[in-house]
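One chain, chain A, links the two complexes that follow: it is found with chain B in the first and with chain C in the second.
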Partner chain A sequence: AAAEECVGQVVLPGDVLLLPAHPDEDAERLRLSAGAAPRGRLLCGPGLRRCEAGLLVTKCGLLRHRQAGGGAAAAGGAYWVDSQQKRYVPVKGDHVIGIVTAKAGDLFKLDVGGSEQASLSYLAFEGATKRNRPNVQVGDLIYGQFLVANKDMEPEMVCIDSSGRSSGMGIIGQDGFLFKVSLGLIRKLLAPKCEIIQELSQLYPFELVLGMNGRIWVKAKTVQQTLIIVNILEACEYMTAEQRKQALAKLSGN
Partner chain B sequence: MAAGGGCSLRPFSCEQGLLSRPDGSAAFVQGATSVLAGLYGPAEVKGSRELPDRAALEVLLRPKVGLPGVTERSREQLLRGTCEAVVLGGLHPRSAITLVLQVLSDGGSLLSCCLNAACLVLLDSGLPLSALFCGVTCALGPDGTVVLDPTTRQEQDARAVLTFAIDSVERKVLAASSKGSCSAEEMQQCLAAAQRAAGAVFQFYRDCVRRKYSKS
Partner chain C sequence: FMQRGLDSQTKKQLEEEEKKIISEEHWYLDLPDLKEKESFIIEERSFMPCEDLLYGRMSFKGFNPEIEKLMVQMNSRCKEEEIEEDDKMEADVSDEEMARRYETLVGTIGKKFLRKRDQRVLRDEVEEDVNSNTIPSKKTKKKFLKPQD
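The block that comes next holds the complex of A and B.
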């Protein structure tokens, strides 16, 4: 089936999506625009692999498409499959919450929910030097991003970005509550202008850290408020928007 | 769908994501036979079982009563071979994938019900797959008639019972298991009937997944 027709529909592993033929070469040459990136460059996102005929689907889910920046026809752009899963696989650049499981000299070992533990160097914190070590204990929560994450190597995390600033990463403070949800819910919560977060923030003030590995850390003023927010976020996986609004209205009425 | 008899399958139903602990879970019901499957992976692997270039897949089949015996072990190997053929294990080297199947009730065609439950749990867990597979059981009556998806009674009366695991891309055979005696032509007949019936099972998978994603 052609890739363009299947956008927004459910695809199953084993389906082959045919790509449109290359655009006309002459039309490219006549353009004087400074489009340096080659048109017709297709990005194959999660859930898809290249095969001779086109794209082979490897995960079940909804097929999505995003146009290329230049507004060209379906020649450029990215295709990916929106699938729901619970297990996290480390990806470079993802921000995740890790739990410190061991301190081995200069290295911390973190559990990020993948098949291997990630390593974190003590120098990868803002303002850390050999004399000024960060105060990390076993069992602490760390919010960081993956520097190295591929199938062949052990994942490595850092708590600073490329310019050396922490930008929100580092050791997560005391108290609060950590729980696990599915990866699809995290992506929904991280979308810009997420309704769930806006409605919750009108209920009580709270601190929230979302890890792409399915872990969420919440802290509100009292334990009871924290647990209410945890229950609502866990239930968001199954509730529709109306049910959620009803539940929040009942809570804010009390 | 008509029950038993002739070249039609018993009514089937499935449920996905019903267990909260495993990374993927599915229950498949075929007539009176039902199997519950759970999948954990890709997870940490113990040193000896680690494979350097692909994931180590393990299948555990638990019968309804009693401890697992030799039949369960041989079925586990068949399921493992089928799953390894479709799972892209090369994307998760040095990790372990564990598939646990629990037989809830056995009303005939148990092995094909296990195969279908295994495929649905692989779909539910989000592991990368190159194709889907399904299981179809055929019973050869004493007079040579082919009955698809036989009940326990029909299996006992049959001269031979054959189970095929068929893949979704080209309807090729991934695994075959037989009990009893039959000629080569009869086996080809059964295989052709199973490949035709496999289309109905794959359409059912598609409808299941469609229903699951239409809710979100």
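The block that comes next holds the complex of A and C.
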């Protein structure tokens, strides 16, 4: 079936999505700003693979499409499959929350919820040198991103970005509560305009860290407030917008 | 396979035979179409570029001010790429402002380290040249003159 027709519908693994023939690109190339790829470039996101005719679906879910242009990082349309799963597979560049399970000399082993433990070097923190080691203990929570993550190698994490700054990554502080949700909910919460987050932010001050591996860490002033936020976030997956608003109204009324 | 004293003809025959053998066994792709498409479709396993997700660390109502600053920084980074075209205009204005501020800064701090004679000369010159930032005379060192606003 044609790719454009299936947008918003359920697709199953094995379906082939046909792409339209590429339009004439010479005229468009002149209009491009420097550094951008040709207009016909298509981003084939998670759940899709390239094949001769078009795109081959590898996961079941809803097909999503994003239009080309808009000055976003990926010029050119993007197709991906919005699927639901609880098990995380490490992907390069994803920011995740890991739990330190072992300290092996210069290396920390982190549990990220994948099939293997990720490794983290002690030098991958901002301002870390051989003499100035970060104070990481077994059981600490770390927010970092994947440097290496493929099916052939052990995943590696770092708490530093390409320019050498930590930009919010590193050891997550004391207190707070860590819990696990499905990956689809995380993506919903991280969407640009998420109503759930906006509504929760009106309640009371709190801090939130969302890891792409399904783990969320919440910290608020009192234990009770923390638990309320945890319960709302967990229940959000199955509540409709109406039910959520009712629940929040009751809370803010209290 | 190279034998001594081989005639040029037999050499050529041998080479031709080799080529024939190679062309029969040589595997080649029968799909030129696939190669064209390769440059157009990029495979990608992460959701970040697809859905433009926000940064994972958030803080609300001033619980953690550093993270709130970070939120603003990170989320405006995504939008900065949209304003690429207007950057040139904005950059001009900010460059001028920067130059003006830098001039005044260097002047005021530079005066601190001047000897008394130079300070007096500088003051006289600044009173004479009201409107323009001209190069000072040979006696005084070359400095940025504070423009009279």
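Heads up, the rule we're going with is that the second predicted complex is superposed on the first by the 234 of 254 C-alpha atoms of A that agree within 3 Å, B and C clash if a C-alpha of one lies under 4 Å from a C-alpha of the other, contacts with A are read in each partner's own complex, and residues count from 1 in each chain.
Methods note: a contact is a pair of C-beta atoms (placed from the backbone, for glycine too) under 8 Å apart; a residue touches a chain by one contact, two chains touch by 3 or more.
Predicted model only: the values in this text are computed from it and were never measured.
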| item | value |
| --- | --- |
| Which superposed partner A:152 touches (first chain B, second chain C, both, neither) | first |
| Contacts of A:10 with chain B and chain C, given as first, second, both or neither | first |
| Touched partner set for A:94, first chain B, second chain C, both or neither | second |
| Chain A residues touched - chain C or chain B, whichever exceeds | C |
| Which of chain B and chain C A:253 touches, first, second, both or neither | neither |
| Partner chain(s) touched by A:204 [first = chain B, second = chain C, both, neither] | second |
| Touching partner for A:115 - first (chain B), second (chain C), both, neither | first |
| Contacts of A:56 with chain B and chain C, given as first, second, both or neither | first |
| Common interface positions of chain A, toward chain B and toward chain C | 49 |
| Chain A - residues contacting chain B, complex | 10, 12-14, 47, 49, 56, 58-62, 83-87, 89, 114-117, 151-152, 184 |
| For the chain C and chain A complex, residues of the former touching the latter | 31, 33-34, 37-64, 67, 70, 74, 78, 81-85 |
| Parts of chain A lying in touch with chain C, wherever the complex brings them together | 22, 33, 38, 40-46, 48-50, 52, 55, 64, 66, 70-74, 78, 80, 91-95, 143, 167-168, 187, 190-192, 197, 200-201, 204-212, 219-221 |
| For the chain B and chain A complex, residues of the former touching the latter | 23-24, 41-45, 86, 88, 90-96, 123, 125-132, 167-169, 205-206, 209-210, 212-213, 216 |
